[in-house]
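Two complexes are shown next, each including chain A; its partner changes from chain B in the first to chain C in the second.
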Partner chain A sequence: MKELFPMKQVNGFIFSMLLTVIALSVYFLDMSYSVALTILLVTAFIQAGVQLVLFMHAGESEDKTSIYTTTFYALSIALFTVFGSLLAMIWGYMF
Partner chain B sequence: MKLDHSQPLEYSTDQNRLNILGFWIFLGAEIMLFATLFTSYFVYEDRIGSGPSGADIFEITPVLIETIILLTSSFTIGLAIHAMRINRTKAMTVFLGITLLLGAAFLATEIYEFNHYYHIGATLQTSGFTGILLTTLGTHGAHVTLGLFWGAMILIQIMKRGLTPQIANKSFIFSLYWHFLDVVWIFIFSFIYLKGMM
Partner chain C sequence: MEFFERFAIPHPSPLIYASMVAIGLVSIAIIVGITYFKKWGYLWNEWLTTVDHKKIGIMYIISALLMLFRGGADAIMMRLQTAVPENSFLDAQHYNEVFTTHGVVMIMFMAMPFIIGLMNFIVPLQIGARDVAFPRLNAISFWLFFFGAMLFNLSFVVGGSPDAGWTNYYPLASNEFSPSVGVNYYNWALQISGIGTLMTGINFIATILKMRAPGMKLMKMPMFTWASLLTNVIIVFAFPVLTIALVMGTFDRQFGTHFFTSMNGGMDMMWANLFWVWGHPEVYILILPAFGIYSEIISTFSQRNLYGYKSMVWSMVLISLFSFTVWLHHFFTMGQNAFTNSIFSITTIAIAIPTGIKIFNWLLTMRKGKIRFTVPMLYSIAFIPLFTIGGATGVMLGMASADYQYHNTMFLVAHFHNVIIPGVVFAVLAGFTYWWPKMFGFMLNEKIGKWAFWFLSIGFCLAFFPMYITGLNGQARRMYTYSEATGFGPLNLLSFFGAGLMAIAFVLIVYNVYYSFRHSPRNVGDDPWNARSLEWATHNPVPEYNFAVAPEVKSSEALWDQKKHGHKLFNKEYEEIHMPNKSGVPFIMGVLFFIFGFSFIFAIWLGVILSAIGIFACMIYRTFEQDHGFHISVKEIKETEEKFGGADK
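== the complex of A and B ==
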């Protein structure tokens, strides 16, 4: 039975639950908007990293360079799309 | 067929290795798909017109249930792949079965939530905000629904044919998909729900 629950996976699960609890603090505790948003950004991206590396075995195979390249490429397009649009349509800018 | 026994079963042929890489590239496209949905969400978040805002309609309980269910299912599919790698077919089918049950429970909660939104007057047509909210949540929910059927087919194949390299490969790719849906949910949970409620 024990060999079916490797420490790596169990710890990853506990860690992801812990990150969820930390993220939840923005709802239950009183804090400023920028502090709360920072907490959410940090916990969400760590959480994504845990899933990617630990559970999706991203760094285990020979083609890990290709896997990381395609992921980071997609991620940078994603971030440019989100923040570029926010800059152009919500935050605004001045010349 | 050439089998490389130094690799896990799902990586044992060249074709299998390429299938996995190909799926990562597909996941890259999925990241961009969800990025455009999040972009539209952030742009339309405050355009509530005469409809409700996020703070008015979000409820912490169903959201928390969905998050815990999906995180747990991501853990159990990880355990299924681990069991597969140590050749414990029976344990693998059990973990895969639990994952699918959790997926169904997630979907049931989300359907309850959508029904609730509908009854309090937050529909696709209400405002820019509710339109993009339901589109984003719905796209994720549609992915989970597809995953349920996909996972069920794999489960049937394992039970009928046992763990062949091909089925191990399919199972591993399915696990990548499932973990990815969990990652997307984490962002929905953080930047749609929690951000909307704080």
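== the complex of A and C ==
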């Protein structure tokens, strides 16, 4: 019975519910804009990761290295681009 | 009549009228010629509807050569205008249009398709595949590129060419400062051909990852295939940025939004930022396949295996990752603080390290090799020192504080031509000569090819090295003229002579094609260069199905293994081969996209709606189309193979 029971998925489900509750707290609790947005962003990214790995079975097929490699590559380029643009156009901009 | 007034050229000149007449006459001549020789059916059946990667590759290369002449004519006009001080051959507006179209045509419609054409032809052969993963998509890619290019070329005679530089910076490119439809042409031509390129990227990643011959592990792929894989990865990640930036630009110009305006919350510099987020990886999209081509050629003609295969691969992986981290160096002077500029300065200079590794690997490949000085090898040998000079001046430009001196001068122009011409143009010409017998079954004449090489190399040095000096002396780029007192005159005249020599070289290359077509012997065998990789293991020219039997390989030099180490490539019996059917839909979609783009440029909404419906209709048709391809029988394969004299395979 133990090997049939999808323990990982159930735990993942509970975890993603927890993340949703934390995200939802932003609406009900009174907090500053930047704290709220930080909570939303962090929970959103963890949520996406949980979905990808547990429920979209990213790590279970034969081509899991290429899936993780492309995801990593895409993420790093997205982050470079977004933070680089922020750096170039807002933080590091003098005029 | 009012309707037609919008198509008029805003700044007409005798030159433009002359080219209108020339375009008209050439079009009529082509149509009459095809009708006279009764070639419409042949054209439609064999070329326009083909999904064969080899024919698509050849069409890419032909289009690229045509565009090379278009862009080359622009270049000659610019050099002629600046050959002497205070020249009045072109006025300022016309000069702006000429340098804009020169840049766009050369990068987007010459270098890219030439590279993609070679990739189309060679990559499936190098990995032992029958075709690319999605042959129909490949045809759509080509036709989108082709009609995007045609749309762009139309701008010259209908409505006016873009004139805001190939970088198209806002606010100059906004309606306020560029009121003609020129920039709309820029937006739509690049958009349409860019979508095609994006599809190519996806197609080739799937092909290379999924369709390699048995035994060909990733680290056993030929170097050109590795380069193509990484290039296509860069394409897939970089091109969406261009797509979105172009859409934002289109919305600003045609629907009054404020993405790139300087007021109402817009940010004009955001265009420059997004453009280079795409634009810098684009540079590596061009140069990585070139590196692959050089690796193949240098190894073949040094008659040695490639030195440092693994370091070659890893340096390309690093280059492709770094290529996304350096874009700000294109606008060091735009107002970032010293800290920000320093970060991008360091990432920029860091790219010189993996590139340097590759240079040393090529040199060490040649060391103790028995070098054969053929035309492809001459281009490759000239590439190494010339490209290194270009790279060294790149490091100079990469130093942010020094860049304030060089920015927007002819020094920069000299630098990027110094990397692109020996880097990309020499590479595609070398690849073109090297793989020519693969495509057509005969060799290009070596003697004429060598003349062309010397004209091109010497012409290149004469044309661009003087610009380093005038640039350091303060000649700004994109200035249509200068006074005699500046003293730029003599060096610019020298540049013009250099450009003339390069023009002679390109004429010689075309003459060489004609001459060799008439006089070259036809039975050159399957392996005329004594090459090493898998694409030479099939016949010349390649049969429709590429390989009669799927090859089995043990290393990146499969053919060399067979020739020298007794490795057996083809072990299986003939089996029926499943091939994709040809289709006219990609061509029709290309035409529809052309109408869509053209109508959008002139805000003819009826045309936009109708062609959009047509495009969706094509996609729906494809969704419900039953197309199982066709089979080539064993008997037919045997006949073809015997005709090529290779019945043992």
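The definition used in the following text is that the second predicted complex is superposed on the first by the 71 of 95 C-alpha atoms of A that agree within 3 Å, B and C clash if a C-alpha of one lies under 4 Å from a C-alpha of the other, contacts with A are read in each partner's own complex, and residues count from 1 in each chain.
Basically, contacts are C-beta pairs under 8 Å (C-beta built on N, C-alpha and C of every residue); 3 or more make two chains touch, one makes a residue touch a chain.
Predicted, not measured: the structure shown is a model, and the values here were computed from it.
**Q** Is A:S66 touching the first partner chain B, the second partner chain C, both, or neither of them?
**A** In the superposed model, A:S66 contacts both chain B and chain C.
**Q** Applying the touch criterion given at the start, work out whether A:I77 contacts chain B, chain C, both or neither, answering first, second, both or neither.
**A** Touch partners of A:I77: chain B and chain C.
**Q** A:G92 contacts which: chain B (first), chain C (second), both, neither?
**A** second
**Q** Between chain B and chain C, pick out the one touching the greater number of residues of chain A.
**A** Counting contacted residues of chain A, the larger count belongs to B.
**Q** If I apply the document's touch criterion, which positions on chain A are contacted by chain B in one structure and by chain C in the other?
**A** 66, 73-74, 77, 81, 85, 89.
**Q** Of all residues in chain C, which touch chain A in the complex?
**A** 209, 233, 237, 241, 267, 269-270, 273-274, 277, 321, 324-325, 327-328, 335-337, 339-341, 343
**Q** What residues of chain A sit close enough to touch chain C in their complex?
**A** That would be residues 66, 73-74, 76-77, 80-81, 84-85, 87-89, 91-95 of chain A.
**Q** Which residues of chain A touch chain B in their complex?
**A** Chain A residues touching chain B: 3-6, 9, 12-13, 16-17, 20, 23-24, 26-27, 33, 36-37, 40-41, 43-44, 47-48, 51-52, 54-57, 61-63, 66-67, 70-71, 73-75, 77-79, 81-82, 85-86, 89-90.
**Q** Which chain B residues qualify as touching chain A in the complex?
**A** Touch residues, chain B against chain A: 7, 11, 17, 20-21, 24-25, 27-29, 31-32, 34-36, 38-39, 42-43, 60, 64, 67-68, 71-72, 74-75, 77-79, 81-83, 86, 88, 91, 175-176, 179-180, 182-183, 186-187, 189-191, 194-195, 197-198.
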